[in-house]
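Below: the structure, in structure tokens.
Note that the chains are named A, B, C, D, E, F, G, H, I and J in the order they appear, and that numbering of residues resets to 1 at the start of each chain.
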Amino acid sequence: MPTQPSKNLETVPNPKPERDYEIEISTPEFTCVCPVTGQPDFATITIRYVPDQKIVELKSLKLYLWSYRNEGAFHEKVTNQILDDLVAAVDPRRATVIGDFNIRGGLHTVVKAEYTRE
Amino acid sequence: MPTQPSKNLETVPNPKPERDYEIEISTPEFTCVCPVTGQPDFATITIRYVPDQKIVELKSLKLYLWSYRNEGAFHEKVTNQILDDLVAAVDPRRATVIGDFNIRGGLHTVVKAEYTRE
Amino acid sequence: MPTQPSKNLETVPNPKPERDYEIEISTPEFTCVCPVTGQPDFATITIRYVPDQKIVELKSLKLYLWSYRNEGAFHEKVTNQILDDLVAAVDPRRATVIGDFNIRGGLHTVVKAEYTRE
Amino acid sequence: MPTQPSKNLETVPNPKPERDYEIEISTPEFTCVCPVTGQPDFATITIRYVPDQKIVELKSLKLYLWSYRNEGAFHEKVTNQILDDLVAAVDPRRATVIGDFNIRGGLHTVVKAEYTRE
Amino acid sequence: MPTQPSKNLETVPNPKPERDYEIEISTPEFTCVCPVTGQPDFATITIRYVPDQKIVELKSLKLYLWSYRNEGAFHEKVTNQILDDLVAAVDPRRATVIGDFNIRGGLHTVVKAEYTRE
Amino acid sequence: MPTQPSKNLETVPNPKPERDYEIEISTPEFTCVCPVTGQPDFATITIRYVPDQKIVELKSLKLYLWSYRNEGAFHEKVTNQILDDLVAAVDPRRATVIGDFNIRGGLHTVVKAEYTRE
Amino acid sequence: MPTQPSKNLETVPNPKPERDYEIEISTPEFTCVCPVTGQPDFATITIRYVPDQKIVELKSLKLYLWSYRNEGAFHEKVTNQILDDLVAAVDPRRATVIGDFNIRGGLHTVVKAEYTRE
Amino acid sequence: MPTQPSKNLETVPNPKPERDYEIEISTPEFTCVCPVTGQPDFATITIRYVPDQKIVELKSLKLYLWSYRNEGAFHEKVTNQILDDLVAAVDPRRATVIGDFNIRGGLHTVVKAEYTRE
Amino acid sequence: MPTQPSKNLETVPNPKPERDYEIEISTPEFTCVCPVTGQPDFATITIRYVPDQKIVELKSLKLYLWSYRNEGAFHEKVTNQILDDLVAAVDPRRATVIGDFNIRGGLHTVVKAEYTRE
Amino acid sequence: MPTQPSKNLETVPNPKPERDYEIEISTPEFTCVCPVTGQPDFATITIRYVPDQKIVELKSLKLYLWSYRNEGAFHEKVTNQILDDLVAAVDPRRATVIGDFNIRGGLHTVVKAEYTRE
């Protein structure tokens, strides 16, 4: 039975929580749907974070990104949403999400959102 | 009302049928579903052809490529299928389709199929 | 009826005004007219800003850039003008506009203007 | 008084007509108008030819390319038209014109037309 | 239970045997052992072939390349061996294997072997 | 008799301990085993440090990296482990280890860990 | 009558003196003469400055750079001279000149001089 | 006393006249003067030839290219002239000269002339 | 005791003499001495050949290239000499040697010599 | 009589000592000998400094780098030695030397040493 897309970002314990270190995960395999035209949009998503007690489990991240495949999503909103969901799931010390969206109407759009735990 | 994906490749008359010339259309925005795992696959598709009486209409080509979004498709089969559909629709003098699929299991696969009218 | 060029930069509400995040929009499709020779100039325009309550609507930005097509514009002035118009329209927290102009007389000119709300 | 766009491709005598040699002229500064939407299109044009008795005068070529600025032009037609006009003006032994058009609807189109004097 | 390395290259039926088309599979994830020093060697392997009735199954190819991990293998021999095994397994019309080995002693070695069915 | 992999990082005296300077050693020749699937993983490892009294001996570093060849190792853990072992062996003033792991499941992961002596 | 090389850097009023912004002008078309051997030297010159009340007029800059064509000039001296002349002519808030000189005797030399108004 | 520019291309005996082999010499350090405007032009010159009994002496080639520094020269003519002079001096079996001229008026021009001894 | 430079190119038996295949070995680590000035020259050497019964042993090739370190050698002569020595040692079916020499006097020289057994 | 390698770094007066500016000289033409194996090592050396009263004379720098050709030199030591010799000779305000050594044993080593006058 095939694996399913899921909004559930799973985590595993950080093997080195006593050190500030950085994890960067990037993929050109992100697609959602333009809320205005209903046509597919494509982006490269880059996630960079400094974990605290938890790190994101890679397979669940893949399923999470897959979950946008049939959803309408504006560039600015979806980039911030991924950051919010990452923060909620792994409670990192710092995190950045970059959405680099393919050209539409001759315009190339990149959205970059950052979070720092206070 | 949003435009819909469609298997129908529309054509317009070739503005210069008396000359052999080449049209190349490429896009990194192709996605289908792996028939084995049910998970998304991604590819860059390049179409190159020498038209005869008809050329492919670009918007219909976009909708055509969109139509694979939820279909299961093996790399080798889908590349040949796009070539077959292009040949059926525009009856070109020559045509090539290249499917450059993203890495799976550490392997990067590129399929290249060519057609020459006899 | 075709869409028209327009100086009117439209906005939509920022979906995440409580966070400082960055939006970068770039296009190689900018052309205006040299005020001295009357001949076309070409540039790549990059707009980068941190929105407050509003973000720029992409289609109106495209029409806005189109509005320079038949206007005479010096490199330094037009880059600052785009920044002024962006600031007036979206009232961002910070903004940068970069105009990277094609070679003229063997010289390659890049103008970079920044704005920070005080 | 500013120079004007012109369809007139002027020529000068080939300084070495007894030898087959190749001249390639390319520019990213080509813009015309989409006949369907009325919006600007952009392309890089490459012209490559083997002259016979005449070579194209560069300033007139610049004015010629400028003449498309406000004309509606399909990708395939305009590339062939430039080749036809070049052949008519300089009567070369061989000639190629390549129109590499910016991305529209996620699709990148390149048209390549060749001529050989028989 | 984890999958195991295997010399067994499995195949599936070619979905388009009536057409000559090309499949290229490449991976930077090849490692074997130097027969002289016993130390690890690393290479990028590229396999390109025109299938007849069978195409190689990708997962079995991955396990096949894995099978060299603990084997001693000279650059020239292993590249030819992969070609021989591919030919034996899928009986292609044409095939090429390229082994691009990492620098040893300041020398960068690339071995390229080709097969054509007679 | 061939050299053997070893966890023992040997050192030699720093020829210039009175100066803070940086040594960077990188290699694309790192492979370990995925603890979940038992299949090989591949990475480029970059080590950058400011030595104090000792510098790492290059041949022993090579044997050390080789020692992971048959070990199960998660991306985050192995990168931190290399940093810990380097710090234990050479007691540097500062050190960074970057593990740039090959794509798995469409995701490219880079782990970067830093150490500063207090 | 052809234009002449000239040491006279002309200026025009800064269209946006109330804002700190940056202008970068670069050209690979700089040549002077080696004072030792009398042979030609070649460099790429990059000028970057934040204007105050004046900006440099581009045509006069071209003629200025041309004026070095037959002058003997050491790398370090000519780079500083261009900066001095720019500062004298446009009185900028900040300015940088980079002279990137072609390889001589296997050595590639880049000189970078900066000015900040106090 | 400094070396002087010279039209005299000197030669030395080919050390291997019994074999057809190729010599390619390229330099970005070519400048002449536009015959129309009197302003400097710049180009990268590539010379490729199969020698017979003589090869060109490199220092004299440098002085030869220097000799164009103050001469008016059209792109097409100067490229053919260099080929003619090379052929006259070294009597090669085959020769090619490529003049890749810097952008003027937005146009990038490359001239390629070939010679084959009959 | 350290290994010594040597003109002796050693060979090992070709593991697949019944197939025409290609071996390419390249290195940026070639240096000799200019016979005119006595100063060091540097080059990247590429050797490409189709072996018959013998292949070159890599360590002896390294020592062979090392043997030029203190020898005076003109670009054209040394490239042909390496080809001659390779042909004498391994008696290949075809062979190519490319010497890509670092810039001297602004000129970049590449010599390419080929051999085909008759 | 050929020029000789020399440890003597000669200087000339800085033409602009009243300004802090940067000179960067780089060359891929550095070779020494591995003190362990006696075999040649190769590196790209980059020297960057802010001069005070003296600048390094380029020809003497070339002869200086040549002087390492037959000397045994560890990566870390030779990079620091070049920096020490530069500081002793030109007494700069700041200086950096980077030694980027070719791959040995699969490892690529870069050593970067900096000096600031107190």
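As a working rule, a residue touches a chain if its C-beta (ideal position, glycine included) is under 8 Å from a C-beta of that chain, and two chains touch if they have at least 3 such contacts.
Every value quoted in this text rests on a predicted model; they were computed, and no experiment measured them.
Which listed pair repeats A-C comes down to matching contact pairs by residue number; over half match for A-F among E-J, A-F or A-D. Put simply, the C-alpha centre of subunit D and that of subunit G have 36 angstrom between them. Note: centroid distance subunit C to subunit E, computed from Cα atoms, is 51 Å.
One simple way to say how far apart two chains are is to compare their mean CA positions; for subunit F and subunit G this gives 46 Å. One finds 56 Å separating the Cα centroids of subunit E and subunit G. Across the assembly, subunit D contributes 28-29, 42, 62, 102, 104, 106 as residues in contact with two or more other chains. Touching chain pairs in this entry, ordered by label, are A-B, A-C, A-D, A-F, B-D, B-E, B-F, C-D, C-G, C-H, D-H, E-F, E-I, E-J, F-J, G-H, G-I, G-J, H-I, I-J.
Partner subunit H is touched in their complex by these residues of subunit I: 74-77, 79-80, 104-115.
By the touch criterion stated above, subunit C contacts subunit D in their complex at residues 2-3, 28-29, 31, 37-40, 42, 62, 66, 69, 102. Of all residues in subunit D, those touching subunit H in their complex are 14-16, 19-29, 51, 55, 58-59, 61-62. The residues of subunit I lying in touch with subunit G in their complex are 42, 102-104, 106.
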